[in-house]
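Each chain gets a letter, A, B, C and D, in the order it is written, and its residues are counted from 1.
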């Protein structure tokens, strides 16, 4: 009760096979890579993942055959490439993929985090996204008429309070107050989850929070576990902390094109290492990390032109 | 388009008699007193006011006979006293008073600000608040069953996008990005309004906002007008800027007990002055204001014990 | 520690201590100003250091050092962990189901735990006094409701003049039947006794009587035929540490105690 | 100013300029990466300095100085006015009805302006490529939809393989009949022409043809029998200032133009 601090291995152990999990992260930013790698090391199976926009960690989990069902609103590795492990699993039907839009899936979390049964919205109407969800009898969606007699049609996005959520943030205190600079697309899913796990690059004092409460985006009432994993989102970016590693993302976007290449990658980098520090060593270690240090004003690695490089 | 800056007199002129207005402020904090006083000077009539928790400005408008209908969730002048002008108008039925709870009325604004038709909630069920609203056939509320066949009952709080909203904030830039330190109970109504008027103590540069985007709680897309009125919430408090004036609030809480005393107060302080600076002079001027300066850490006037007073 | 029997305490101090002991460590509490806040801060200073305190105005876990006049007073926001909106506090936290105890006051409380904070019937009109604020919301969604009140015939009544916040409505399962979420327990702490609703009818009953208070005193000051629990107890005495903290740390200006 | 006839420009530059001129000052734009962003920044640097730029990820009015790889790249968040959540950007701003233009890309666009960004039918399977992201939401709620696309037979099609985002659905009033809010206008800017849907059927038609492009070229590169507007125009030429800004200020590394 005193402290919500856990270590990564124990935290991941709490998550059973088949767990219903919402993931934070967005493409190449704040992806909970360290958490996902540890899930792969612990050989989690049959996960039921929800994520408004998928990120690198999710593609890894799908490629590692940890995922049974994925509800998501699309996503890519930005210009580095595509979510090829997800795309292939989708095409081969090796996972049960349920496609949404970013907003519609987030509404399930908003409803869950507000304690209301659903949010009535018009988004998805007319799309094949909705058609497919209705065909699959996905419980998320229901079409209904306005109760005000104006003939308006709505999609009810049903509240979802996932058993677990996993997000990565730069900082939290040991009580579980979470600080994030920049956009917070994953706020609603974090607040909806029954157990929120937050990997952070650094655990900071509550005293800092008392001085800067405006920086807290998730107060401790939502947080189940705070897990300190420096560079826990590497090779994706954490705004104001470190940049994404273009070299490593380029490499990943090559290996994720074919399952056999991906498997070799996982063998070497994930199951071939016993923790995130070893993973970081494998990826280039301190010298790779030093190149990513974010400028405190720009929030990413600022390149000063040839003469400084 | 370039700038959303207006002066107070012109801004208030835009608001017609009978206007539907949501008010910010909460009891003795960030009450838009300067705006309300100017409305009284311009002799606005038949206003239709919505406010989750009423503040001093609202009691003044009701006492000045500017209000025809008030939908609110209660409120007081904290330990200074009660909203006696509102209470008397409620009792004498000189206004159409519709009572809600703070959350339920705020849900009307949340729905409006989200562009959804209503929010289904359980709050108000079983209360005499709901009973009265249903008896009055208030459009805000409708009782309905869960669409999921689980027999659950909900109150649908209908979306409201009021024609106008008026809030007070310490700072905004001329584009209409609004900064508020501390709690922001009035965020939803600000985002729901068709035209948001923000009185601010100071207009600051957009450059400051670029350095501290995390301090912006209302981005400029919502803002219709930014009106610089230093001490525009006086005698109520603006966190980190100035404290409430206990003397003045004590005086107000005496005068608002009886209509004749209140009328004398308005004659002297409001209609007897031509602008907010004159109002401030009447209330004690610079020497009164100097006593209220908030300590930058504590956020209110810190009293350092007898030896410093 | 000093021997307990040396303690002298006021009734307000006893109420604060009694309420404080009902709070458990780690709970999330939505609390109003006055004795509820004093009791919560005392719990936090003693057996429950990890309470999370939430004010409906949008303030989480402040550590005030000066006494304020209400939750709109910035004195009560000092050293907060988090600031949010009404929806943030009463929606995303309270209605989300994360609040263990909603700690309220009120003008009247009735035998089914319903609370009136709106107004009272006078001879020929309804005198409007305050309104719900967040109280109706808090009582709808908190897992447990605590209230502190003065024990007077016109305040502890058979039926409140106006149901601002629902306790057990008309008793039994009527609260749930109205559509509201279940409420695990309601506790009323007065200057005479502690009351609960731990029976099938969900009807108010005396759980413990404050030291020196007689059953007759309670009966006389209650607006209906109040029941006494089978296992009626005497309220535990405050200890010296609690009294010390109340007087010297939590409410040194004696605004509430 | 330099004489316009001296300008040489690429097709991408023409597309960016053409799209940019369709934006009006003071509008709120939800925009994706690539040419849409380039066009929006150009408008902001010329005739529309008070555009508000919104990224679905939760970023408002950034002023980037470095080119990013996508909206998740912190390079695109530099000097923002405001950061928010998905609900903050696509709920409270977009669905609230405050977005004048949703500016999208896509794999395929069909004759009723529906856009596919999910995947395409291959011989014996559906090749999944990306998905909606915020695109379905943006097309549902923006007052106007702009899209930039390559003009190829397999991209400008009779019917998209998958309706990720609804334009005019099956034409006429079918969009509104499906329950969606009205869409005032859709504009498609390609490397060959600008297309609108300003007719009763809400069917794609050529509004203006880029200089040097022939009708036959357009017909050949369109996957269905495309119509030409009665008042068919030639697309206006970029001016030197626009070309200067594109090359030297907005995309000096020529990542998109």
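The rule is short, and it goes like this: contacts are C-beta pairs under 8 Å (C-beta built on N, C-alpha and C of every residue); 3 or more make two chains touch, one makes a residue touch a chain.
Small disclaimer: the values here were computed from a predicted structure and weren't measured.
A.B. asks: Measuring between mean CA coordinates, which chain is farthest from subunit D?
C.D. replies: Following the centroid criterion, the farthest chain would be C.
A.B. asks: When the centre of a chain is set as the mean of its C-alpha atoms, what distance in Å lies between subunit A and subunit C?
C.D. replies: A distance of 41 Å separates the two centres.
A.B. asks: How many angstrom lie between the centres of subunit C and subunit D, each centre taken as the mean Cα position?
C.D. replies: Centres of subunit C and subunit D (C-alpha means) sit 58 Å apart.
A.B. asks: Note the residues in subunit D that touch 2 or more other chains, in rising order.
C.D. replies: In subunit D, the residues touching two or more other chains are 83-84, 87, 91, 94-95, 141.
A.B. asks: Which positions in subunit B touch two or more other chains at once?
C.D. replies: 114, 116, 121, 152, 154, 181, 214
A.B. asks: Hey, which chains are touching each other here?
C.D. replies: A-B, A-C, A-D, B-C, B-D
A.B. asks: Which subunit C residues qualify as touching subunit A in the complex?
C.D. replies: Residue list for subunit C touching subunit A: 25-26, 28, 49-50, 52, 54, 60-61, 63, 79-84, 87, 91-98, 141.
A.B. asks: Residue numbers of subunit C touching subunit B in their complex, please.
C.D. replies: Residues 33, 55-59, 65-66, 69-75, 77-78, 83-87, 89-91, 94-95, 117-119, 125-137, 140-141, 162-166, 169, 174-175, 178-181 of subunit C touch subunit B in their complex.
A.B. asks: Sort out for me which residues of subunit A touch subunit B in the complex.
C.D. replies: 114, 116-121, 142, 144, 146-148, 152, 154, 156, 158, 181, 214-215
A.B. asks: Spell out the residues on subunit A that touch subunit D in their complex, using ranges where they run on.
C.D. replies: Spelled out, the residues of subunit A in touch with subunit D are 26-29, 52-53, 72-76, 78-80, 82, 86-87, 90-91, 97, 99-104, 106-107, 110, 121-129, 152-154, 181-188, 237, 239-240, 243-244, 294, 298-300, 302-303.
A.B. asks: Note which residues of subunit B are touching subunit D in the complex, please.
C.D. replies: 1-2, 112-116, 175, 177, 191-192, 206, 209-210, 213-214, 216, 219-222
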